[in-house]
Amino acid sequence: MLRREGTTGPVLVVVLVILALWYVAAIFMNWQGVTDAFSRAGEQHTTGEILLGTLDQERPVLPAPHQIVAELKKTVFGIAITSRRNLLFHAWVTLSSTLLGFGLGALLGIVLAVLIVHVKTLERSLMPWIISSQTIPILAIAPIIIVVLGSIGITGLFPKAIISAYLCFFPITISMVKGLNSPDLIQRDLMRTYSASGAQIFWKLRLPASLSYLFAGLKVAVAISLVGAIVGELPTGAQAGLGARLLAGSYYGQTIQIWAALFGAAILASILVAIVSSVERIVNRRMGVRPA
Amino acid sequence: MKEPASPPVVAIKGLSLTYEAADGPVYALSNVDLQIAEGEFISFIGPSGCGKTTLLRVIADLEQPTGGDIHVNGVGPEEARLRRDYGFVFQAPALYPWRTIQKNIELPLEIFGVSKAERREKASKQLELVNLKGFENKFPWQLSGGMQQRASIARALSFDPKLLLMDEPFGALDEIVRDHLNEQLLKLWDKTGKTVLFVTHSIPEAVFLSSKIVVMSPRPGRIIDIIDASVLGRDRTLDIRETPEFLKIAHRVREGLRAGHSYDD
Amino acid sequence: MSANRHALILTPLAILGCLYALYLVHRPDVAGQAGLAFWAFIVVLWLLTGFAISGLSHLKLKQPVARRAIGLAVPVLFGAFLFFLWEVIVIGAGVPSVLMPAPSAIAAKFSASLPLLRDDFFQTFVKSVLSGYAMGCLSGFLVAIIADRVPFLRRGLLPLGNFVSALPVIGIAPIMVMWFGFDWPSKAAVVVVMTFFPMLVNTVTGLAAVGKLERDLMHSYAAGYWRSLLKLRLPVALPFIFNALKINSTLALIGAIVAEFFGTPIVGMGFRISIEVARMSLDMVWAEIALAAIAGSAFYGLVALIERGATFWHPSYRT
Amino acid sequence: QADKVTIQLKWVTQAQFAGYYVAKDKGFYKEAGLDVTIKPGGPDIAPPQVIAGGGADVVVDWMPSALAAREKGVPLVNIAQPFKKSGMMLTCRAETGIKTPQDLKGRTLGVWFSGNEYPFLAWMAKLGLKTDGSAGGVKVLKQGFNVDPLIQKQADCISTMTYNEYWQVIDAGFKPEQLVVFKYEDQGVATLEDGLYVMQDKLKDPAFVTKMAKFVAASQKGWDYMRQNPDEAATIVLDNDASGAQTEKHQKRMAGEIAKLLDTSGKGKLDPADFDRTVAILLSSGGDAPVITKKPEGAWSHAVVDAKM
Amino acid sequence: MKEPASPPVVAIKGLSLTYEAADGPVYALSNVDLQIAEGEFISFIGPSGCGKTTLLRVIADLEQPTGGDIHVNGVGPEEARLRRDYGFVFQAPALYPWRTIQKNIELPLEIFGVSKAERREKASKQLELVNLKGFENKFPWQLSGGMQQRASIARALSFDPKLLLMDEPFGALDEIVRDHLNEQLLKLWDKTGKTVLFVTHSIPEAVFLSSKIVVMSPRPGRIIDIIDASVLGRDRTLDIRETPEFLKIAHRVREGLRAGHSYDD
């Protein structure tokens, strides 16, 4: 236990196992499609040729990993970065509404949590409705939001950001409320004995105690806000962004393009989560959190 | 050694408190009467679970009594709390884990709006008193249990309250440190004329420190005996513990405790 | 306590005022052309209701029954007032119903379409959501245990788990339809993917949340892995697991509905929403949304109720 | 200074809307004194909703969905109809043995909903096939965005457009002889597709009518140009495609197919006979939720097309 | 009172332990040598923060030493732990909040696979010993600090380990209960021949209970003195506390403590 073991080795092994399984699955799932294609073409082929075919289809049921990598390479490095065909361009479009939405959502989430913890009226009346708000299927109202906002002249980044804010404030509120209420009775009693004001209790006790919860919420929220931005890109007419790539890929049955966009989104999300995690680590160090 | 003429610091009449637990009520305090004058040092002693902590918490307005009357410095406990009339040392250290020891001790001062330089100075004085010099920048989990408890005492002393409520503050300390802190506390009390309410399990400690000792019965906590120890004078040294007066009072406390107790096998 | 007694008078007053406003707004000479006086009246009602609700929630009552009644009344009144505002604004300002129908229209549509709603509910909630939720949560939990048991896996799987959990479902849904066909299994598959990772991550966190001393105690008993899992780590993880169950209860419904946008047989809540949007039947769309919200909230409430019973000892439930 | 016009398309940027993009790129709108914003559509954008919310001055929509919206209280009026023929068809795999519409009984069919299902329902009503899943009818699936259900054999037939999805099936490796297609035009259930619609009350404003007249004329110029230079038009569409997902091959082919559907005689003027036929078909679609329940009045106007002449 | 001929229960040689903290190492134990024979009752006494808890934790295999050699019952601490050679009473109660007091006490028995009836019986016996009858079905947070600590003692005793490691088990108890439990513990020890390692801050307690008293110096913890108290016999009653032998040993302990201590003002 004294030795600190890294994660690179295990991750590598697990990735290799997944890749192997993936290839097997790709062969298995694409087999029928390839044999169908050959028989439609009226040609006879050996098993070996079919095998190779499963890993090299234009519209596979499950693209092989190397096909996705090739597509990513092609759309990221193979095309000028300013071009609309470059995936980075779309990633940037999505990222900008993600960040705006995340910012709005985090602000809303934290403010709501603070209000809920401090204003008794809101704790009782707001919480059930906040929960219900999350049971509304967002994709169903996304077009309505886009249209309604569009009708009052708000277009572009903002409607998408609103959708991602709507999705991502929830985990932040929930975990922040938990965190703000997390100090033990005795820690709160101490503040009572000082007859500390609500603001002092907030800044000196509740907030520091809630930070670890807040970061847990932020990590979930940043990934969700990306999902929100992507959802928001679907009904805007698939103009630009990773969501547009997904949709266009789906519309034209370009499985490889869908997967490439999916991976792009996941990579983007991982980067965002990693950024939040490193901020968390810095904060933890400053707060003297006991290392695990 | 003037007899206090001022109104009582704590005046309790017919106080009782019942906790409502899921499986029925727990009678923690029942019909407690008590008057504490300014400048007294009162020890509470009684079997575990008898309601000592509860009584201190009621005085500090951390628990609402279910019956009876209580005044602190002539006003209700809530008002007294809002006036910051007292400092409380809890049974557990209750340090904030994200603050260094120094910062923990400065906490009440920060809340009272004391300037940074003054905070630093006061904290450093208290750190010295409880012998935690050199641990200013450690976080609580890096300290032993006893060290944490000492930090929490320093925290309560830092803002120099007139009334000190201490719930077994020295429970986790070794005898030498305990003796040392007993002496320090006594000096402080004598010098500043603070009123101290002190919960302890140690009979010698109670006798050594107190001007009055309150002996409580097992649950529901009632007061069995109030023993005046002012005969020992205010200016005590550790060796009075061998004097016959001391031993006599200690004996009376022990008898009171034993009387209320259920074990006498 | 008496300071808030006024709420007991204000509340009925506010309710009466709102009912009157509702009557007013539906009069042909007000609907769509409400004047300043009307809006001023609404603002007054707003303030009145605000005071009433705030007073109610601060009431300190002795009887547990009354306390529970107030606890229920406050959110209900609050929500009812939101719906009242919605109705009054939509009708009063004459917002076109293809943009935003009034709650009364939605309610009328809802009660007129019960058989249809029931079929959609059965398809989406009972078939897709419940099965997907059960499978997703269970597999997330099992994988968390396996990952916990095999530290090598935990270190290898968790970073990847975070990676995969960032996948947008929207992208997965068409793939799942491609793999599992048009009917509910593909929706359930989307739900499985969505619910799997919150459960995995929460369970792993919960299993690690055990205090040092508590763990040392088990260690000192030389308790084996499974025993200390059962007796110590699972109870400690329980609040985290319930957290995931609650998050998932809303995620699952959203996931299933969204997945139906990408191909379904001609029944289901997502199906209905998507086709009715195009038919401009926004009242039907909102009836389905209302159904989703009711079902989702009830589901969440049920999980929360079970949580309260199972983790009664947790400090957050003690007062 | 230029008049501002916002047009909401029915679908994503593709050669189906080449006329508008060409008119914008070639400066036809500018010449007419217009500043046109083209908003691409998407799977969940309902153009009538956009125009009702004031998000556009004019929308491209299919007549069944426009008439449905009209009955729901969005008073849309057709001001021009550049598309004469319907491009909709049902495409089946030949190996399923389907040869005539009667063979569809008991089959699984992919159908586009979202307002595009009415011609299909009318057709099935005409064939006497139930669509609610009961025995003796057809099994209907809400088809997604692509042609996978056919390739993956999840459906026996799917809806395709002559200019789009059909070619995706071909690209997936099917030979034309391995497919059986039923064009709605041939089945007598063709309804009018991409037309231009505005809000009825706006037509009372002569300035608006003039503006729209300029717009329709300039758009028509764009369509004419596109018919003569389909390849260049496809390139223009590609330049305007922000998603960067469209391919040149596909768009060129689409432009060619679209050209076949355009109205070459009437210069975009709606033929009342076509309108009546569409209405008749929609009225026959039946079911418990018919698109329209009565013959719409005032749903089209020649005011704009005539104003420019 | 046979002299133990069997191999030592605990054998420690040159043991040291350094905690790596962010702001530099903390030397908790340094070069500790100790041999404990079977059946002994060893008390550890020393200033707060000197490493008593750490030493007990090393013996229990809850902490890995950074140097030196340690054997428990002839094997490494890990093997001893796996054999369930000892019971540990921690400085804090560490009760599981989701279990009732009864269920908490039964916990080790459950883990060792004892049948339900037997568990019930053993737990009930221990509940009686620590005077918690009537609180079986309460949850830990419904008990006072001292009651919780008593429950944790009952838990450690429930499975009757041959070696008992107790870290200030009676710190939170009142003197009467403490005396009672001291007597009980001593009886238990005498009757069962257990080996007990006992950390305390009370000199009288240490002298009263122990066959040997280990006095430790402030951090880094070293052993200053090992005092044999077997002259007091195994069969002690509370009144031996007034005997001269007792007072002599207590004095020597106090001297040892004071010597190592930094306060001597």
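As written, the chain order gives the labels A, B, C, D and E, with residue 1 at the start of each chain.
Note that in this section a residue touches a chain if its C-beta (ideal position, glycine included) is under 8 Å from a C-beta of that chain, and two chains touch if they have at least 3 such contacts.
For each chain, UniProt lists the protein as follows: A = ABC transporter permease; B, E = Sulfonate ABC transporter ATP-binding protein; C = ABC transmembrane type-1 domain-containing protein.
Quick caveat: nothing in here was measured; it's all calculated off a predicted structure.
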{"item": "Reference chain E; chain at largest CA-centroid distance", "value": "D"}
{"item": "Inter-copy rotation, chain B to chain E, in degrees (Cα atoms; steps of 5)", "value": "180"}
{"item": "Most heavily contacting chain pair (counted by C-beta pairs in contact)", "value": "A-C"}
{"item": "Distance from chain D to chain B - Cα centre to Cα centre, in angstrom", "value": "85"}
{"item": "Between chain C and chain D, centroid-to-centroid distance (C-alpha), Å", "value": "38"}
{"item": "Centre-to-centre distance between chain B and chain A (centres being mean Cα positions), rounded to whole Å", "value": "53"}
{"item": "Contacts with 2+ other chains: residues of chain D", "value": "43-44, 46, 49, 53, 144-146, 148, 152"}
{"item": "Chain C: positions in contact with at least two other chains", "value": "99, 174, 178, 261-262, 274, 277, 318"}
{"item": "Where chain A touches two or more other chains, by residue", "value": "61, 139, 143-144, 147-148, 151, 184, 234, 250"}
{"item": "Contacting residues of chain A [partner chain D, same complex]", "value": "33, 36-37, 40-41, 58-59, 61, 83-86, 89-90, 139, 142-144, 146-148, 150-152, 234-240, 244-245, 247-254, 257"}
{"item": "For the chain D and chain C complex, residues of the former touching the latter", "value": "43-44, 46, 48-49, 52-53, 65, 68-69, 72-74, 113-117, 131-133, 139-146, 148-149, 152, 154, 291"}
{"item": "Touching residues (chain side chain C, partner chain E) in the complex", "value": "211, 213-214, 216-223, 227, 231-232, 235, 238, 311, 313-314, 318"}
{"item": "In the complex, chain E residues that touch chain B", "value": "19, 21, 23, 26, 45-49, 53, 91-92, 131, 137-138, 142-147, 150, 168, 171-178, 180, 201-203, 254, 257-258, 261-263, 265"}
{"item": "List of chain C residues in touch with chain A within their complex", "value": "53-54, 57-58, 71, 74-75, 77-79, 82, 99-100, 152-160, 162-172, 174-175, 178-179, 198, 205, 208, 247, 250, 253-254, 257-258, 261-262, 269-270, 273-274, 277, 282, 285, 288-289, 292-293, 295-297, 299-300, 315-316, 318"}
